[in-house]
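Each of the next two complexes has chain A plus one more chain, namely chain B in the first and chain C in the second.
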Partner chain A sequence: MNTVLELIFRLAWWLILAPLLPGIINKVKAWVAGRRGPPVLQLYYDLARLWRKSVVMSTLASPGFVIGPAVAWVALLGAVILVPLGPAGAALSFRGDVLLMLYLLALARFCTAWAAMETGSAFEGMGAAREVSYAVLAEAAMVAAMLSLCVQTGSVSLATMLAPSAGAGAVLLAAGLFTVLLAENCRVPFDDPNTHLELTMIHEAMILDHSGPPLAVILHGASMKLLLFSVLLTEAVLPMGDLSPFAATGVLLGGVLTATVGVGLVESLLARFAFQRVPLLLTTAVLLCLFALLVAWKGGAA
Partner chain B sequence: MIDALMLVAAGSMLTGMLSGRFAPRLWLVAMLAGQGTAFAAAVSVLAGGMPWEWRSAFHVGGESLHLRLDSLSAFFLVLLCVVGGAATVYSREYWTDRAHPRSAGTGRGWWSALVASLGLVLLVCNGLHFLIAWELFTLSAYFLVTLDRPRREVRAAGWLYLAASHAAVLALFAFFTLLAARTGSWELGPMRERAELAPLFWLALFGFSLKAGVFPFHVWLPSAHASAPSHVSAMLSGVTLKIGIYGLVRFSGWLPVPVGAGWVVAVLGVVSAVLGVAFALGQHDLKRLLAYHSVENIGIILIGLGFALVAVEQGDTVWGRLAFAGGLLHVWNHGLFKALLFLGAGSVLHATGTREMSQLGGLWRTMPWTAGLFALGAAAISGLPPLNGFVSEWLVFLGLFDATVTHGPTAWAAIPAAILLGVTGALALACFVKVCGVVFLGAPRSPAASRAHESGPAMRGSMLLLAGGCVVIGLAPVIFWPALDRVLGAWRPAWGGAIPPAPLLALGCFHMALAIAAGLAAWWLWRRANRIALTRVLTWDCGYKAPTARMQYTAGSFAGIITEWFDWILRPVRHDERSVAFFPARAKWTEHTPETVLEHVVAPIGDVAMRLSTAMRRLQHGRVQAYVFYVVIGLAVLACIILTGGRP
Partner chain C sequence: MSASTPFALLANASSLPWAEVPEWPVDEFVRAAANELARGARLCAWFGVPEAGATRLVAVLAFDADNTLATARSRPFTGGYHSLTPAHPQAHLFEREVWEQHGLTPEGHPWLKPVRRTAGDAPTNGDFFRVDGCEIHEVAVGPVHAGIIEPGHFRFQCAGEEVLHLEIALGYQHRGVEEALAGGPHRATLSQMETVAGDATIAHATAHATIMEALAGTEAPLRAQWLRAIALELERLANHTGDLGALANDVAFLPTSSACGKIRGDFLNLTALICGNRFGRGLVRPGGGRHDLEAERAARLTRQLQVALADTEQAVAWLWDAASVRSRFEDVGTVFPSQAAEIGLVGLAARACGLVRDVRYDHPAGWHRFAQASVVVWPSGDVFARARVRSLEIQRSGAFLLDQLASPPDGELYQEPTAPAPDTLAVSLVEGWRGEVCHVALTDAVGRFRRYKIVDPSFHNWTGLALALRGAAISDFPICNKSFNLSYCGFDL
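And now, the complex of A and B:
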């Protein structure tokens, strides 16, 4: 009974809280720009509306156009289940679950890109190509970041890896992970979720032809991914394991909120980079994570 | 019991070889019976763990025949039988007598010879017989690669394959003769304590890695695998490359290994993995692209083997065991999904007559089975959960992560290897999104693609079998652990008897849950979409009224971002004709990624050798007077040597 309740609580956290994050980002952006902006709950309204709408599909698309987003959403759900939630720990924890999480994100990427290629549109092809290409560097940064946590804690399981703070390399790791967060979630300066020019987009270009419930599933999945990265960032940097459950919950919420507001501020203050400079910035993220790894290595040896 | 099974297998193989030409039905039955019985024997050895030995008084080449089936041989024999069986059935429909009256019969004969000689390589315990079986399988593979001999590029690919294979045979010849000279016998077996044999490992490494297609030695691989008939490509890539791995594993287990060998193998593995997939991204020929992915996957296997050797050197077996188990499991996995992908590519080629990806597209509509199974293979080779590719990569990763955590000197290699393995996975994913998207999705780019047809039951059935293997290993990896454990024990006796790493069970359960959840979600969303009215319209293209298939993203443009990063090694040949006039005129852009190592390293060396030989040939021109003059000069030189202080 207890485990069922716990699972329900966990799913509620991930499923219900996730769409709040894009709302907060938009509110921050509106606040910086001096506008009133859309309500914080806007994405919830959008999802409810999309779920009821009918679907328009390209004549070229196969059932994979709908199945892809569904599988991607399940993969993201699987990834978030593996991430420990502060004091509650992880629902399922075993050695090497960190790699499973990384590869579940890859599965979601594969399915989204597959669904994008379904329509035969050059825009979607362009978006999918960018998504999978930049993910190569993001993947390198993620592996380096996870390795630095492994070295720091001597463990290969997310629950123990994320409990202590990242130590001396925390700032480097935070900067690296935050850059990866921006890239993986297609935020400025890598991608502009608000632009209306298909040629300059990544994620939005991939889902141009989606509509109705499949689009709702994609949007919800994207918000879940954003929450996953913010939780990961918070727990990697802050010593969650040393706090009392109550404080840890507060710190987790605060950390996620800070990361979200940070994304909003970056989006308000920075312009999107030209595509030639995106790999450079991602390489910087890889280097930051590598330096964090070196610092963890030195710290562990002492 | 294994005696009887092996006897039946040998008899069936012989029947297959003899009947291939004239009695295709009998051939099929004999081949399936032979591979089925060999499979049963191999599984019983893997499950029971007792090696099977057979010595006969019968002599071949002056040596008595000695066969042994231990768990290591059995492990590779299982792969041979599964992939071989599937490809045998496939070939009945793919390379029929009606479509290929000239080559179908001989093809069947050589196919039986290939399967039988591969089996022999795995079983023999004698250096001389190993060489004989090796040469037999090399030659039968050559005749299979060149089945479609009238085409020029097939002959060229076959020649390159033969030349490269014989470079490998030369190294192996040196290896086995030196081994026999030092041990005094051709018999093979464990001799780990004789440290003076260690340097021979380098010869074996060269020979076997040439056969396995490790990066700088892979020059023969892309063209041979692309030009061969698809069932042969599946066999070459799924099994014969692994025979190179078998040789490495076998002789690194039986013989002492020199210091530093593990590092070399690991570096070769990392280089092959990253550059193999980079070259694959640059390809626009479907089968050539798959061939380069073999280089990548052989690299992943070698990373596992290399770190296992490093672990042996350092006396630390915990993470080495994981890496080695991952590498071994990847042998099976790559055999399964690569054969599946090659058979899928064969179905595409069969249905459309082209391997050129820029001519394909939209095939899912006419070939839904092939598209679905190819997609499964693509997800598996990209290492995505819940399929088998992820399980083996996960084990290798876990070994590397553990090696890092131990904080030893190995970490300096394990960290870059882990990061580059992650990069390889992401690159493979990009490549297979490209392949699936361009070949199976979107609109057909040529009339041939729009007239495609689904392949028949034999071709579909064999693909289904391989896909089933991929799914089973992915969902229930823990049931394969005992087999891996036995092979670990056969490789290094101290490594056997390990309990299954507990996470494998948790991983399997997670995969199972994931697969069920994904199925349910997909079904639910598809039903939801259909229930609330699903309308079909043209793809939105910024308001164009009549989009054409040529407006789709191509394979080259999809991979463009990444291939640009690898320009330094890919060295693509670009041909750019821009329209410079004020009004739209003809413009053209072509890009081709050649085999860099072949064109920039092997070809120049070959040129120099040819030039030297041509210069030498001037000595021989057919004029008798000059030859007499040579003889006189020779005698004079000899006389000088004797007169000036030579011994009397």
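And now, the complex of A and C:
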């Protein structure tokens, strides 16, 4: 009974809390710009509205057009199940679960790109091409970050990896992971989630032809991914394991909120980068994470 | 140099009896036009006038350095003539337009296809230039766009993210403005002129009113000319500010984007303060104007203008201070000065390529003969230059306005114009916020319009956008497009 209840709470955290984050980001942006902005719960309303709508399908699209987003959502759900929630730990934890998480994230990306290509539209093709090209660097940074945590803690299980702080390399890791968070979640300066210009979109261009429940699933999956990365960032940098359960929960919530507000501030104050410059910034993220790895490897031993 | 031209000279906002316009056989006419263009003249208008089953070609050229316009016509003919375009690319759209409207074929034209319509079909049903190769992909954008903008079709030939060629197909909004003017002016004419391009209402209405006054051989009272100059600069301020905000929005730079959207409204409200309409409809009419700006309202206008200008200064400063914005604007969408001169760019797009082209300065008419704002030029030809010219013009226009508002001329605002002279050609150029708005009218034996030609600056400048995209990244198209911000309906007429 307890396990069932726990699982329900866990899913509630991930599934119900996730759409709050984009709402907070938009509120921060509106606040900086001096506007009132959309309600914090706007994404919930949008999801409810999309869920009630019917689907418009291209006659060219194969079933992958709908299966892609579904598989991507399930893969993301699988990934978040593996991420420990502070004192509560992960629902599922085993040796090497960090690898599974990375692969599930990659699977989600593959399925979104696959669904995008199904439409045969030039826009979606361009969006998918951009998404996967930047993923090459973003994933490298992510792998380097996870590797540094593995070296730091001598473990390949997320629960033990994320418990202590990242040590001396924490600042490097925080900067690197925050950049990856922005890139992976298609935020400024990599992508502009608010743009209406198809030619400049990355993530948005991939989902232009999706509508109704599949679109709702994609949007919800994207918000879960944002929550996953903010949780990872907070836990990787802060020593969650050393705190009392109550304090750890507070720190976790505070960390996620800080990361979200940070995204909002970045979007408010920074223009978006030209596509040619994006690899430069992502390479910087890779280097930051590699240096964190170096610090964990050499600094930790000293 | 224009002293030796065989063309008939006339000043901006003046008229010439049709009989005094020199007339040659078409071959000689085209050769003479080519000679003048080769000597640095600029093609303002090139159109056909039907006559007894055949068509005459009429050319209006501008000698900017000599502050004069020149015109000539061909004898009526049918069939073909030797195309100007291979030697003078600025003629290419004009020749296509004449071919579409009158069936005169420019022989040797490299890309002869309709400008606005294909016999009953959608504008995109022509051939598009295609680049071959297994790595080339074609991207078609529009005519329905994601934003709330006008319809136009853009066909990109891309290698990956790089644009090799862009072809623009417009004409979705062809309303038949010129056709509607035949036999005019009608009761609806003034309203139609105000909506040739809705964001350049003052410029087009002023050009039309000036034509009517030139045909009548009169001038609007000084006070009306003063008010038109003020409204024209207010229109420039509103649109430039809106464009800077839109550019900031396209690179996701929120501070300037949010502020400029609001300030644009403030400037529009200033026009509304004068005449009750934010776009200046009803402000300009042949013979003068109906809405006077008495001292009390002028003082209010000045106060509100100062506030709005200070706000703009601040919002634009954020834009220039952000390194992330500058890196997005610099070296993006470059049009080289030689290209700009070749394709006949006008207005701020030309000035952003280092060309000194400003009708207020080159061909002053109306109030601009007495008061001038200095011409803003920036040499680099990229998005940065076009944004920079806008922000500098906001400063200059602001200073000009404050100057002029302080010293209004006295007198009447309206003087009933006499009837238009028969068989007369009148030309009027106005520097709208995009660039040169050109109206040419030819009257018949009873003083009604026999032919009325409108050239919106967008007609010259769309080609500039296509060139700016060559070698650029396709993701930079939106900011390049926004940096020109050309009119679709002004082109489509």
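The rule is short, and it goes like this: the second predicted complex is superposed on the first by the 302 of 302 C-alpha atoms of A that agree within 3 Å, B and C clash if a C-alpha of one lies under 4 Å from a C-alpha of the other, contacts with A are read in each partner's own complex, and residues count from 1 in each chain.
The rule is short, and it goes like this: a residue touches a chain if its C-beta (ideal position, glycine included) is under 8 Å from a C-beta of that chain, and two chains touch if they have at least 3 such contacts.
These numbers come from a predicted model, not from an experiment.
Looking at the shared chain after the overlay, A:T284 reaches neither chain B nor chain C.
Contacts of A:L269 after superposition on the shared chain: chain C is touched, whereas chain B is not. Using the contact criterion defined above for the overlaid structures, shared-chain residue A:M126 touches chain B and also reaches chain C.
By the document's definition of touching, of the two partners only chain C reaches A:V32; chain B does not.
Legend: residue contacts after superposition of the two complexes on their common chain; A:T249 is shown touching neither chain B nor chain C. Among chain B and chain C, the chain that touches a larger number of residues in chain A is B.
Looking at the shared chain after the overlay, A:R95 reaches chain B, while chain C stays out of its contact range. With the contact threshold set out at the top, residues 122-123, 125-126, 198 of chain A are in contact with chain B in one structure and with chain C in the other. Across the complex, chain C meets chain A through its residues 137-141, 146-147, 161, 248, 250-255, 257-258, 322, 324-325, 327-328, 332, 473-478.
On chain B, the positions that touch chain A within their shared complex are 361-362, 364-365, 368, 371, 375, 379, 382-385, 390, 393-394, 397-398, 401-402, 404-405, 407, 411, 415, 418-423, 425-427, 429-430, 432-434, 436-438, 441-443, 501-503, 506-507, 510, 513-514, 517-518, 521-522, 524-526, 528-529, 532-542, 547, 549, 551-553, 557-562, 565.
Contact residues on chain A toward chain C in their complex (touch as defined above): 29, 32-35, 122-123, 125-126, 188-189, 192, 194-200, 267-277. Those residues of chain A whose C-beta lies close enough to touch chain B in the complex are 52-60, 62-64, 66-67, 69-71, 73-75, 77-78, 92, 94-97, 99-100, 102-104, 106-107, 109-110, 113-114, 116-126, 128-130, 132-136, 138-140, 142-144, 147, 150-151, 154-156, 198, 208-209, 212-214, 217, 279, 293, 297, 300-301.
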